[in-house]
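Both complexes below contain subunit A, partnered by subunit B and then by subunit C.
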Partner chain A sequence: MTPMPPGLETLDFRFAGTRAVPSFAPVLVGVVGSGNLEVMLEPGDGADCAVRVQTSARGFAPIWQAVLDDFHRRHGLAGVRVSINDMGATPAVVSLRLDQAVQELRP
Partner chain B sequence: MDTKARDRAARLAAAREALGARLAGKRVDTGAIVDLLHAVLRPGDRVCLEGNNQKQADFLAKALVQLDPARIHDLHLVQSVIALPEHLDVFERGIASLLDFSFSGPQGARLAKLLSAGRLRVGAIHTYLELFARYFVDLTPKVSLIAAQAADAHGNLYTGPNTEDTPAIVEATAFSGGIVIAQVNELLPEGGALPRVDVPADWVDMVVLAPTPHFIEPLFTRDPAQISEIQVLMAMMAIKGIYAEYGVQRLNHGIGFDTAAIELLLPTYGESLGLKGKICRHWALNPHPALIPAIEAGWVESVHSFGSELGMEDYLRARSDVFFTGPDGSLRSNRAFCQAAGHYACDLFIGSTLQMDLMGNSSTATLGRIAGFGGAPNMGADARGRRHASPAWLKAGQEARAHQRGAAATPRGRKLVVQMVETFREHMQPAFVETLDAWELQRQAGMDLPPIMIYGDDVTHVLTEEGIANLLLCRDDAEREQAIRGVAGYTAVGLGRDHRAAENLRDRGVIRRPGDLGIDPRLATRNLLAARGMRDLVRASGGLYRPPKRFRNW
Partner chain C sequence: MTAQSYAECSARERLALLLDPGSFHEWLPPQERLMSPHLAQLGVPCAFDDGVAIGRATLDGRTVFVAAQEGAFMGGGVGEVHGAKLTGLLRRARRDRPAAVLLLLDSGGVRLHEANAGLIAVSEVMRAVLDARDAGVPVIGLIGAANGCFGGMGIVARCLDRVVMSDVGRLAMSGPEVIEASHGVEEFDARDRALVWRTTGGKHRWLTGDCDALVEDEVAAFRRAAIDAMTALPAARPVTPESLEAEHALLAARLALLDEPVDGDDAAALWRRLGVEDAARVPDLDVADVLPLRALAR
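Right after this comes the complex of A and B.
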């Protein structure tokens, strides 16, 4: 187990991808600051899109699920690992950062 | 009969007797103020202790608190804003017992406590225009304690840029046999001339020099540095999806970062859409520093203001072609006239709220606080008495009546009332709720009505980061509910939408997403703001805007 600062919640999600992304350099957008978040995209194993969320705002798993469902519906990424470090960003900011990160994807 | 005139004469005679040499003409010694109030007031008097949104008659408020409750008690306070602790101290001390007001933002929690403890009774919570109207019907002040910048030797008053409520208060009091007492920051010597006369000496009974200048709150200053990308996105949607769509020329903006973002996008994003001269030419608005870049870019033809804003004095003077100013050059504000302008002469109001329900009712009232709404309900309501037409008003009216029959289909226009809210506020508080806190507050405080700020049937558009819901196009309450759910994002209300119904509404243009408007959310960056911090605003003003110290953060 990775030691974590108290108060952080870790959430894992996995989606069956449909859009394979050619190999790409890791992408990082956003900053970890109050009401904001950092999104990192890295090449992942297999055809799934795996998302790990570490957030200071505990207890919002159903909202993360809904936000990420919609994200996956928009992009359907396959073979991508998404890491999110969140400090209480609203769903609107989360969706915006995710879309900004996908826009940066380049082989 | 002349009972009012005789009563007035008796009170003024009592003041002369009590003050002796401490009263010279209309001038009262600063140290004699408590004796003066004891002499002119009677138990049960209706008193206006000028409390504005910004300017406060704070010296007179402190004096009123010092009265002997055995002599003066059960006063009925009738003033727009409960802003200072002293405004409630007079109730705690038993000097006043009944209150009619409009807004109590900073004192809302204490007001609720005093009410539940039975220390005060509330006549009603009004909108500004309502309260001013009642000054001339059944809430006429017997004694008004007002604030002005300066008085000359005769008692003429110069209010300075923050005239605010003063004209309405003085008019009601002076012409109904009442007594007007003014605190001033400056007393001119014999022969000294005021920059201009805002209140003629005829209407003023006593003038007292305050030991310190009256307090003014810089209420409308928003630092552009705190505007978020989501607010930029929503501002883009407002400009393209509503202002351009209806050709809105005359408008009022509520207070906040959401509307500051719109003001700062006009010279950039608005310009890129070719909208200059086509929208936003005439405003009922306080002098928002965030409007400076649009004014400098030539977007704005006129601004009439409720009050002023600290630090804007020199800029207003230099832009007398845009702002209402006196022959002396300084701003003349007037809350009553500006509220009337906002209600009757503006085609659009856009503002924010804390909560909205499924019918579109919205409220900033929260449990444990009695705050009132000030002017928002006057701005954010269809003006049923309006008869003049404008393209924006007609288009909104056509949309509203297209699906009506009979009397409701009679051609008339409609005010655009836009509620602009992020689906979640700070700390993930949802802006959309099944039931407003207002209902519980009504039960707690025993009010006649739930404190709703803007009624759902007055709201025409709900704008969130997820899209715009045009409620004018909704044919029934079920559609209205789905339209609101359809822009409520990931709140419980939003997640509870009927997806098929929402898509149908989108096909009909009732719901429009950023993409439907040709807006790419990824392009909504802070780089679009015409000013990204206070320093940029100062620069845009050519150095004329001088922000208060707490905003000088560079």
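Right after this comes the complex of A and C.
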């Protein structure tokens, strides 16, 4: 097993968006608490949905990929930048927070 | 429909529900990413707002400046950036003269991860509070969130013009775990929730005169109390040598009440000596029934 250096892990994901979102004010949901996370949505460049995750739970990139694949399948956001600060939230909590953030999108 | 609990809201929910609807305009919002320079080095995730939202709003139609601490992030601990946001808000209040500054406190005190930077930040907040008051701007604290108000923020709270508490709110310097760790479980059992609330809770602070209003754990009740406090204070209460001496005299008189040894429950004994006859029943009373007891205590 490769030893993992201590500290935060930063993960970047990018999805080709299908659903353009009208211009919106940034949205923040959730709190960076134990087993919780905050999700911020901002207008992004181009048609992609770019996701950056900073997490204290290292080594879970494949799980993030799966959760975000599902999220993108549900919403297919285009031109949105998603930023996440995570303190060990479970995949279910992450999915709920992402959906909550999309729900709060308003022009 | 039951009333919205103040304790169970997040900081941002409190801002949305307590202030005039839609009136909150945030300064240094999350998308500016003004975050702690220290936490990432320790492998601790940052928050986009460093655990506090600041801005201006209206309350009952009047312009106020407001800050809300988020207790779920690092226990509401005051780090360098968090403290600087509070200080900046208070300094701007000194310049722009809003009707009041509201501090929605939810904090265990200094964020120990940031060590001296956090301690200095708390001292700067204290200075900024006193400067705002000196400029005539009343600073009002609301304490009823889950983390209470402890450590350096407990000191900040006692530097304010008015403190509004709910019965579930807590206010003290050293928190329960700190007292237990330094003086032993025989002195203070931090897991004894009834003891914790008897010695730091809103009813205790009301009876001893450490808060100026005691309300139910409802957002609407905090809103009303904040409006009342703002209305009662057309200007800040002056901080003068005379007012400090009066405060010291009050504290000395309270301490003297405990010169004689106390049997049994310490908090109830203090209430009894403050003139509350049926002190043992206080923890079971509703807020409305506790309110008139202070008339006896003062």
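Note that in this section the second predicted complex is superposed on the first by the 101 of 107 C-alpha atoms of A that agree within 3 Å, B and C clash if a C-alpha of one lies under 4 Å from a C-alpha of the other, contacts with A are read in each partner's own complex, and residues count from 1 in each chain.
As a convention for this text, contacts are C-beta pairs under 8 Å (C-beta built on N, C-alpha and C of every residue); 3 or more make two chains touch, one makes a residue touch a chain.
Since the structure is predicted, the reported quantities are computational estimates derived from the model, not experimental observations.
By the touch criterion defined above, A:Pro22 lies against neither subunit B nor subunit C after alignment on the C-alpha atoms of chain A.
In the superposition on chain A, contact is made by A:Phe60 with subunit B only, not with subunit C.
Counting residues of subunit A touched by each partner, subunit B versus subunit C, the larger count belongs to C. Judged by the touch definition given at the top, the superposed model places A:Met40 against subunit C, while subunit B stays out of reach. Within the superposed three-chain model, A:Gln103 lies in touch with subunit B and out of touch with subunit C [touch as defined at top]. Within subunit A, no residue touches subunit B in one complex and subunit C in the other. Across the complex, subunit A meets subunit B through its residues 35, 57, 60, 63, 66-67, 88, 90-93, 96, 99-100, 103. On the subunit C side of its complex with subunit A, the touching residues are 10, 12, 29-31, 40-41, 43-49, 70, 72-73. Residues of subunit B that touch subunit A in their complex: 228-230, 233, 422-424, 426-428, 465-466, 489-490, 495, 521-522, 524. Listing the residues of subunit A that touch subunit C in their complex gives 6-8, 26, 28, 31-33, 36, 38, 40, 42, 54-56, 83, 85-87.
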